[in-house]
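The structure is given below, and queries will be raised subsequently.
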Amino acid sequence: MSDHKTMTINLVVWRQKNANDPGKFENYTVKGITEHHSFLEMLDVLNEDLIKTGKLPVSFDHDCREGICGMCSQVVNGAPHGGQERTTVCQLHMRNFHDGDTIYIEPWRATAFPIVSDLVVDRTALDTIIQAGGYVSCHTGGIADGNAILIPKPAADEAMDAAECIGCGACVAGCPNSAAMLFTGAKVSQLALLPQGKAEAKARVKNMVEAMKECGFGNCTNHYECQASCPKGINVKFIARMNREYIKAQF
Amino acid sequence: MILDGKCPTGPIEQTWDKHRFDLKLVNPANKRKYNVIVVGTGLAGGAAAASLGELGYNVQAFCYQDSPRRAHSIAAQGGINAAKNYPNDGDSIYRLFYDTIKGGDFRAREADVWRLAQVSNNIIDQCVAQGVPFARDYAGYLDNRSFGGAQVSRTFFARGQTGQQLLLGAYSALSRQIKAGTVKMYNRREMLDLVVVDGVAKGITCRNLVTGEIESYAADAVCLCTGGYVNVFYLSTNAMGCSVTANWKAAKKGAYFANPCYTQIHPTCIPQAGDYQSKLTLMSESLRNDGRCWVPKKKEDCGKHPSEIPDADRDYYLERKYPSFGNLAPRDIASRAAKEQCDDGRGVGPGGRGVYLDFGDSIKRLGADTIKERYGNLFEMYEKITDENGYKRPMRMYPAPHYSMGGLWVDYNLMSNIPGLFVLGEANFSVHGANRLGASALMQGLADGYFVIPYTIGGYLATVKPYGTATDHAEFKKSAEDVAAEQNKLLSINGKKTVFEFMRELGGLMWENCGMARSKESLEENLKKIPALREEFWQNVKVTGSGAEFNQQLENAGRTADFLEFGELLCRDALHREESCGGHFRVEHQYDDGEAMRNDADFCYVGAWEYKGNDKEPELHKEPLKFDNVHLAVRSYK
Amino acid sequence: MFSTSIGRKIVMAVTGCCMLLFAIVHLLGNSSIFAGAVGLNSYAQHLHSLPLPIIMAFRAVMLGLFLVHVLYGIQLTIENRTATPTSYAVKVSRKTTFASENMIWTGLLLGAFIVYHLLHFTFRVTPGLTLVNDAAGHFNVFAMVASSFSSFAGAGLYAAAMVVLFLHLYHGIQSFFQTMGWNCDCIQPKITTAGMLVALVLLLGYVSIPLSIFFGILKG
């Protein structure tokens, strides 16, 4: 399985010192990349080179490097997370590229996600949406037994499908309108599908939809680019469900 | 000094209830006059901040990530234990208590573990109420699976993303409190010092990771929920940002560090592929429910495709060695067994560092669809990383550092020896002893955050006057200056080696000499080499950029500097503990069949170390462990 | 409701749907032209014989729907552009189609076309129209239409506008179901196909009129 061919990759990377800097693309070449390098390990190699020559390494968000924390956020050759199905950029491997390839790396671009540094953006807007109602208002303690509420397996499974969202923001980055409908729709749907979430369903969907607008996200025009961008493959049916919940909440 | 864990006495079933009654209360109207700092927003921190906010305290919560939802609790896959006994298979609070004590190789406090088992059931109820989509059966009831180290099915799960779902539950509770204004959230802040005023913890010093500013925050109590330290091995299953920094800074301010040598090596991780590798990926222990571990019986078969090796030539070593637990043997035992096979020259994959985890039989028995439903995301993850299909070819696995049972010393109230400093979750040492059972970390984090700290912190705060949030005391100023000075020092060295290079070197020393097997010689070698490496670090590290901007190198440099100090303590603890127990295996102390030999006569205590300076030996304090409810026995899973 | 993202989207969906229904009925009525001059003229005469208040009320409602649809469309698009200040240097689209991306432009072109169409055939103020009465003394709608579509420019303009309508509806119809929440992953591909077919029927139906006149298939 291990073949020792190595690749040389040309990178065109967005460099921006901070939110006020206009930013520009820089060209780099990295050598000695194997097919088993992950994409971020390839950037580690680049950064080690940059540091040794006294330059500033490329800032990029990453943490768990196993595709679950949602921290990593790069648009690779025009596709959030590199465009492999159900794959975060930290799980993207260099075996998907060829020797001599040129790769463009850009940050998430959306008004709601101001750039912090290079490829790092500020995604607190997503937290703000959750704070507007993405929870069940239960107090700690004094709760009935977990089996007191029966939840049909299909409902529990579908809620889990929605709950898989890792909050990375790729849906916003991929959306031509920078809408956060898939992110918000997934949370609204998860809680609307479960009996526990039904009591607050109306207020929740209204408040979360309002928060989306206040945070500066765009409006959905049903391109479904979000689903294609989502590293967890969250389905746009959850946007439809949110729309349905929203209509229900008017009456 | 002999430490007192302040455990309640009397019949163990009543200890927690009695203790709760004995704790002082803070009047509801007075709660808002108290400020509490919570550092870290994982299961323990998120749950603590949310619960304390709900009670009416003013909470300030901090995390180094861009959102509180990203803490590494999110990566836990398999599940969370609770003594619900829903499957009617003989579980009880006592059995969970007993399994945890035994799984920890009799190195944990009885009262703490009992409390954990007792509140485990409340956790499930709480999470269900929050909307955590636990797996259900067709009748709509909660589903359970079995897990390593237990013979009952007590593990609740949400596909292979239980940690994520529980963390998002805590995050949602936290979000609700942020909205309500009881919790103020500080993202992208790294705690770089604990501020101690007149011997009492009164605040923290942070770096704002976006602007680089050094900030001070004051409060009446500080809760460290800052996770574990196995990134000291460089390659581990922890997130890249996990570090010992917050705990180590507290230790340098006088908090005792307990049992640092108890580190858990998880048996099923994807083997390392090359030197450039930045982290290891864990595959849930639940895989061992249906997967069988084997290596070839003959060394010459190791290079063959696994399908060419007939069943008769396969050594199902766990089933052979531990017939009653088989593939579900606890983690420390399964890891060591894997290492033994590889050391024997029968490992598979690159460098012979791997064993097979084979689903062939289960797929035949249950069908590929069932296996896919149970573990689909794990197979997907395996294929992404290795480019191999786990349904068709057995997965390759190798142990990797995963969890630290050791941590800051705390008493029964989760308060360290510094008054006002509380330590929760993986960051403390309290319940897992020398080895943690699967699906128990999530349980502990949430137990501490939801159901322990809300009571015990009140007991402390009722005894102190509100301090306010002013940071004008000289200690705050001094702390901020010290932190700034260290940052400037790191930036000014301008040497030749990068932070990663030092971290890789330290990790190599730790893994080779203080990993799955430790000896007097290897540990003494580390005690020489680590200080030398530390010296070199402070003369030859290269950090570019400045402190007044977003600078990830500087963050890593600070964390590495702390690991270089802490690694030495870990080895020192391992050297002093002349026994093998749980995750700590000293080659000098083993039975003829290679099983760990514990020494209860001399080492049945918690070893808590007091920092005395880098050039001085730390002082060891002991807390003797008493077992009134379980019989101290040789731990056997045969 | 009318200030939020989803609320305005629902208004867009409902007004769009009403106009789609009108387009279908309009096509059904116009197809009377295939019954020759008598067919179309008697259909027109029938419409004009309806009571004036009903005609005016209908026109007012249609105008309202049109204005709301257009104004919200423009407003939402401006917001969407504001939400995406910088575009990517490289951009791949995996689901986005030409139709979905250009809704604002197909919409504005259709708006302009509708204005022209009204000035042309309803208010009859555009130059070069054949305005005559038929044998019975009623206005000869067929002659007006036929003369307009006999030129390449006239027929071509209408045919082109119908292609734009097709693009708009191709995205718009399935989008309606998604916005109204009447969608799930199993029926979504079917809705998309069905929407495309409806749009195609409208395209073929509408285009057949100017083309059949231009090519002389349809004569008074």
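By letter and in written order, the chains are A, B and C; residue numbering begins at 1 in each of them.
Here, contacts are C-beta pairs under 8 Å (C-beta built on N, C-alpha and C of every residue); 3 or more make two chains touch, one makes a residue touch a chain.
Quantities reported herein were computed from a predicted structural model and do not represent experimental measurements.
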Counting C-beta pairs in contact for A-C and for A-B, the higher total belongs to A-B
When you take the mean of every protein CA atom shown, which chain's own CA mean is nearest to it? A
State, to the nearest whole Å, the distance from the C-alpha centre of subunit B to the C-alpha centre of subunit C. 64
Could you tell me the distance, in whole angstrom, between the mean C-alpha positions of subunit A and subunit C? 38
Hey, how far is the Cα centre of subunit A from the one of subunit B, in Å? 26
Write out the stretch or stretches of subunit A touching subunit C in their complex. 12, 25, 75, 77-79, 83, 104, 106, 109-112, 176-179, 181, 206, 209-210, 212-213, 216-225, 227-229, 235-237, 239-247, 250
Per the touch rule, the subunit B residues reaching subunit A in their complex are 47, 50-51, 54, 65-72, 74-75, 84, 86, 122, 124-142, 158-159, 161, 164-165, 168, 171-173, 175-176, 178-179, 185, 187, 210, 237, 239-241, 273-274, 276-279, 281-282, 349-350, 380-381, 384-388, 450-451, 454, 496, 498, 500-501, 542-545, 549-553
For the subunit A and subunit B complex, residues of the former touching the latter: 1-2, 17-18, 34-38, 40-41, 44-45, 48, 50-52, 54-57, 59, 61-71, 86-87, 91, 93, 95, 116-117, 120, 122-124, 126-127, 130-132, 134-141, 143-147, 149-153, 156-157, 159-160, 163-164, 166-167, 190-191, 194, 196-197
What residues on subunit C touch subunit A, complex-wise? 1, 3-10, 76, 79-80, 82-97, 100-101, 103, 171, 174-175, 177-185, 188
